[in-house]
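Note that the chains are named A, B, C and D in the order they appear, and that numbering of residues resets to 1 at the start of each chain.
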C-alpha cells in the first residue's frame, strides 16, 4: 500500500552530502523516491533538486516535513513540499486575442492541466469571449487606461490575494505590468512573449520579423520581472517561415507556437518542474 | 532527345503578362520548363522567378538568350541564364575552426556540392588543416593584423579576380570584412553567423546565449554587407538546449547547426535558388 | 482596379508549352498571376500546377473559363477554377476525443479556416461536446454498431449530399469508413491518423510506440481510401519523447501533434494547395 | 582540491532506500555528486541511475568500489563505475558510404568524441577512403561474401578481442551481422538504420519512403540484436521532405540525419548515458 505522491523542490549552496542527507531523511520517513532530478550550477555553486516521492504504508507528510526542516536549515535550503494532487490556483489575464486562453481552458477541462482556474481577468468585456464556456469561472472585466492603471492593478492584486492565487498567467494580456505588481508576483507570473527572445522585443514582433526577413519565428514563455522582456526564460519554440509569408501569416503561425509554448510552461510550473536560478531557470522536464 | 538543363532567374516590376511573355519565349525557343518558382512581393510590387528548363531536340541557348534579352528589356528585368551543370567557382575563407570547411569539402567530394573550389584562404597556416586532404586545392595563407588588413584584403580580392571566383564563403572566418570588400562582394559572399540573428550579435554569441538562459540556440547564414550582422538572411536553424548545457556544450551543438545551415545556403546559391530582395532574400527551395 | 482572386488547379501529361498556353490564356482574359506553383513528376511524366490570379479591370471569370476549357481539352487536363473567397462546406466527423474538433472550431471562428461548417456528425450524443459553442452548427448524432453501420453511413452520405459538402474531415472519428463510403468520398475526405505512418498502424498506436521505445512520436493527415492507413499522405509531424513518457504522456503529446497536422491539411485542402498524384500528394505550400 | 570525475551506472529492482544507500556510500567515501539521473520503470519495477561524482581531497575510487560492491550485492544491482576520462576503444565498421565515418573521425579529432579509435574495418579497400587521414588508425580490409561470412566475422571478432574493443559502431556498414556475432556484441554494438523505425525496414528505405510519399524522413540509431531492425532504439531524428524530392534527394538529406543521429548515440554511449531496459533504452541526456 502506498500513498499519493508529493513533490519536494529545493535549492541550496552545493556541498558534498546533500543527496545523502535528503535521501536518508526520506527513507527514515518511510518515503519512496519515484522520480528525482538534480542540477549543480558550477558557475554559482548552487544546487537544485526536484524529488517526487510517496509513502510506503501510511502517509507521513507531517513527520517528514518536521524532520526535513532541520536538515534543510543546516544546508541553508530554500525548499517546498506539496501533495502532487494539490491543484494550484490559476488566474488568467487576457486581452482580446484568446488563442492561448482557448488552449488553457481546453487543457484544463480535459484534466491535462491539473490546476483550478480561480478566475479570468480581462481589459475587454466578457462578450469578447462569448464562444467560450465560462459558466463556472469567475470573470472580472477590468478595463485599463494610463490614468487608471494603478487602480486596475490594485484590483488585480486584490483578486490574487482574495482567491489565494498561486500562478498568474499572462495569456497574451498585451498590457505591461507595473514594476510594483511585477515584483509582487515574482516567480509566480508567466508571460508569453510573441517572439523568440532576445530577438524582437517591444511591439509587433511578427512585423519586425517580417521586415528583417528571418526564416524562423518563435515565441518565449518567461517569468515576469520589472525589466520587460528580460525575465527568466522557461520555454521557447520556433516554426519555419518563408518569403511567401506575409505579416498576417506570421501572426497566424505565431498563434500556434505561442499556445504550445505557454501551455508547456504553465504545466511545468504547476508540476513543480521549474526552479528559478537568478535570471535563468532550471527546468526538470525529462 | 533533350539537352542539359538551364537555370533562368529574373526579377522585375510586377505587371500582368510577365509569365505569358517568358513562357512564350521559352516555348518558341523549343524549351521545356522542368521546374518553375515565382514570387510576387506585394509590398514592393516586385516579381521574382526561377525557371529550370531544357531544350527539346538540339540545344538552343544562344537563340533563347537573344530572344529573351528583348523581352527582358521591355519588362525592365534583372536576369541571368546559365547551364545548370556549370560549376560556380568557390573561394572558402576560414579561420582555425574548421568544422564548416570539413563539411563543405566532404560535400564537394561526394558531388553533393556541384561547384569547383577555386581556393582556400586562411589567416592560419596550412598546418592548421593537416587532417584535411587539400592536395588539389590552392591554399593561401594570408595572416592579418589591424595594420595589414587592407593589404590582406587586397590579396584576397586579387584571388577573387584572378580565379574568377563566383562565390566567397566565410566558413567561420572570424574576421570582419571591410565595408569596401563587402561592397565589392555584394550578393556573392555568404557568411555563417553563430547565432540566431537578430538574437546575439557580436562576439561570443554562445556565451551570451548561455548567460541569457535561452532554451534554443541557432545559427544564421546571410549575405555579407558592410553592415555587420545585418545582411540578407538566407537560412536559419536551431537546436534545443537546457540548463545542463555549459557554454562549451552550446559551442559544440552550435557546430552542427552552423555546418548544416551554411551548406544549405551555399548549395541553394549554387543552384540559383536565392534572389536578393532588398535587405531580404527570396529562396526557392521547395 | 482589380477583382478578387481565383484559384486554378490542374494536372495533365507533361509536354512543352503547357505553361505558355496557360499563361497566354490568362493574359488574354486580362488576368494577372499572383502566385504560381508547378511540379513535373518525372517518374509518371505528369504535370501539376496551382495558379492564383485576379482580373485587371472587371471580372472575366466566365470568359476565362470558356477559353481555358478549350486549352485544357487539348492538353488532356483535369482542372478546376474557383473564387478564392468561395468557402467550401466542411462536414466534421468526430468521436468522443474532441481536441481536433476544438482546434478546427477555434480556427473557423477566428477566420483562419475560410470554410463553412455544414455540420458535425458524431457517434456520441451532443452532450459529449457541452463545452463547445455549437449553437450555429447542425449536429447529427448518428450512433453506430457493426449491425447498423451501413444505415449509419447512408445517413452520413445523405448529409453530404443534402448539404453539398465539399470536404469531410475525420477529426479523430475512430470509426473505419466502409470501402464503399471511402470510395464515394475519394479525394474529399481527410483523416488524422495518430501515428507517424507507416510506423504504427491499427489500434492504440501510442501504446505500440511506447512498447517499441521510440524517441519520436508523430501523426499523419491523409486522404481516406478503402485501404485503411494507406491513403495519400498530406502532412506529418513529430515530437520528441523519452523513457520518462508513459503511454498517457504520448497520448497527451500526440493530441498537440494531431490537431496541428490535421488543421494544416484541412487549410491546405481548402486553399486548393493539394493535388492528388496517384497514391501520393503534391502539396504546394511555399 | 578534488579529483577527476567518475561515472557510476546501475540498475536493480526498485524498492525504497536505494538512493539513500547509494548516496550514503558515496558520502562516506568522500565523494561529491556532480550530476545524477534516475528512472523508475513502473511497468517492470526496475530502477536505473547514472551518477557522476568526484572525490573531495584524495582519490578514493578503490575504497568506494569495495564499499559499493556490498551495497550493490544487497540490492541485486547490475553496476559499473569508471573514470570519466577513461577513453573507451571504438571499432568502426564501414562500407563504401563514408559520411558517418567522416563525421566520427572529425569529432574524434576535435576531442568532441572522447574515445580512442582502435581500428576501422571495411569490406572495401583502404583506397575507398583515400581522402581521409587514416595515418594513425589501424585499418583492416575484410571483404565478405556469403561463403566467407563466418570467417570474416571471426576476423572481426578477433580484432574486437585483441584490441579490447569497448564499442563497435556500424557506421553504414551495410552488412547484416550474424545472430552469433550480434549476440556476442550485445549492448556494445550500435547501428545506424537509414529510416525512421519502425517505418521502412529492409533494403533501400529512402526509395520506400519516396514511393509512399511521406512528408518526413528519418534515421534511427539502435543497439544491434540478432533480430534485425528490432534492437533497442537509442536516438531518432527526422527532416522534412516534399513532393519535389527525388529518391536521391532523400538519400542526400538522409546522410545529414544519419550522421547526427549516430554521433549522438555514440557519444551518449561513451559518456555512460545509456542503460539497456529490455528491448528499450534509458537515455540520461538532460
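To be clear about the criterion, a residue touches a chain if its C-beta (ideal position, glycine included) is under 8 Å from a C-beta of that chain, and two chains touch if they have at least 3 such contacts.
All values derive from a computational prediction rather than experimental measurement.
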B-D against A-D, pair bridged by the larger set of C-beta contacts: A-D
Chain of greatest Cα-centre distance to subunit C: D
Computed distance of Cα centres, subunit D from subunit A, in Å: 36
Chain centre separation in whole Å, for subunit D relative to subunit C (CA means): 42
Residues of subunit B whose C-beta touches two or more other chains: 35, 39, 242, 244, 286
Overall pattern in which the protein chains touch one another (line/ring/star/complete/other): complete
Partner subunit A, residues of subunit B touching it in the complex: 39, 41-42, 196-200, 212-216, 218, 232-238, 242-244, 246, 277, 279-283
List of subunit B residues in touch with subunit D within their complex: 35, 99, 102, 106, 109-110, 112, 130-133, 242, 244, 252, 255-256, 260, 286
Subunit A contact footprint on subunit D (complex, rising order): 15-20, 22-24, 26-27, 30-40, 56, 285-286
